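Sending over a structure as structure tokens; questions will come in a sec.
Per-chain numbering from 1; labels A, B and C assigned in written order.
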Amino acid sequence: MSELLNSEVFLAYSTYGTIVLLKMLFMGPLTGYFRMTRKVFANPEDAKAHGAKDEEGKKKYMRTDPDIERVRRCHQNDLENIVPFIGIGLLYTLTGPDLSTALLHFRIFAGSRIFHSIAYLVPLPQPSRGLSWLVGMGVTFSMAYRVLKTVMHL
Amino acid sequence: MSELLNSEVFLAYSTYGTIVLLKMLFMGPLTGYFRMTRKVFANPEDAKAHGAKDEEGKKKYMRTDPDIERVRRCHQNDLENIVPFIGIGLLYTLTGPDLSTALLHFRIFAGSRIFHSIAYLVPLPQPSRGLSWLVGMGVTFSMAYRVLKTVMHL
Amino acid sequence: MSELLNSEVFLAYSTYGTIVLLKMLFMGPLTGYFRMTRKVFANPEDAKAHGAKDEEGKKKYMRTDPDIERVRRCHQNDLENIVPFIGIGLLYTLTGPDLSTALLHFRIFAGSRIFHSIAYLVPLPQPSRGLSWLVGMGVTFSMAYRVLKTVMHL
């Protein structure tokens, strides 16, 4: 176990992996914050807890709001892109890449995903969001290429 | 490989990690069960396989049902919260925490997520579901704090 | 680190894990391709970047399309099933199974998920998609059974 922690590449993976997972996790409270301040809920029991007094009030609170749907799409995009990074990134780390190459991959990925969230939530005009999404995916593909080149065992 | 399995913390992580992943996976068949017993489908070919004879019948079966949407939101919340636990929890395990501290984290997380599903599906009145969600997230943040404190390599 | 890479089971896990994660990741660009060719968008800034000139045009482009929803459901099903495979599969690999047994698990899973996507997107008549979903889940349950039998530490 201590051996893994002696590898600087593994420390870098752990640092950036934790950062992007925390960033993804943070979208949950953000959705909750928007739901509570705008009184827009997906469940009748939530509407009730926030002041809906009868069936009429619950219906009023249970609607869709474009800003909340935007946060949820951003969260979903994180799931779709950060999960493959975590899995492929761990295997990439174990193939023993150069520290500088690995850091380049991890930093670009983390930066692209943080920029992607900002571009989604502000929102910035396209193609800023689309490009940051492509950059992050490119990093994951580059790591996957090295993993498959190194370990291929079908 | 056998070294990792000599670590009791790693055995505990493997046990609780597998339990929460199985719990999450189980939401799939549960959705399927509701869809089949209530005849509510998302795809025309599913409606056809369950007795819809023509376009009219397919349309009748392809609707949204509040209980099925509830199961799906519960499943989505699992994805959003269990995935970061699995990733950050593995890194946390490799930082070599005390067995008792690690067990406390894993047990509280697993308990909070099982309770969260029950609170979502019964449904129990709020804030029971919201609190169990916060407790699970607190465990993940606490593990992430230890990971970043131990490995930080930017 | 090099120890793990000396294990053939770990090489096999890395290969098949990377393949299914890439397959899942590929659903993102596929959704993007359909959105761009059909001019169906979820965000007003995307509609604007693809030629919507005013509010009227944006509304026209922001609709739901049954084929795009199909790709998105396929992507979501991947997330729900491939993520547990990656987590439980890593732990299964570390329990030191026979190479032939492990390869059998990984190959059936990868095959079932690739067939699942084809069955979802063509679409093939049911129960082809349902069966491939069950086969993949069966593999994950079988691996989880071995993990829990080997490591159980509650």
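We take it that a contact is a pair of C-beta atoms (placed from the backbone, for glycine too) under 8 Å apart; a residue touches a chain by one contact, two chains touch by 3 or more.
What you see is a predicted model, and the numbers here were worked out from it, not measured in a lab.
K.L.:
Write the angle of the rotation needed to overlay chain A on chain C, where the fit uses Cα atoms and the result is rounded to the nearest 5°.
P.N.:
Chain A sits rotated relative to chain C by 120 degrees.
K.L.:
With touch defined as above, tell me whether chain A and chain B contact each other through largely the same residue numbers, more than half shared, or through different ones.
P.N.:
Counting shared over all numbers used gives less than one half: different.
K.L.:
Which whole number of Å gives the spacing of the CA centres of chain A and chain B?
P.N.:
16
K.L.:
In chain A, which residues are in touch with two or more of the other chains?
P.N.:
4, 10, 79, 83
K.L.:
Taking the touch rule as given, give the residues of chain B at its contact with chain C in the complex, in rising order.
P.N.:
Contacts found on chain B: 1-2, 4-5, 8, 10-12, 14-15, 17-19, 21-22, 24-25, 27-29, 32, 42-43, 45-46, 48-49, 75, 79, 83, 86.
K.L.:
Touching residues of chain A toward chain C in the complex: what are they?
P.N.:
3-4, 7, 10, 70, 73, 79-81, 83-84, 87-88, 91, 94-96, 123-127, 129-130, 133, 137, 140-141, 144, 147-148, 150-154
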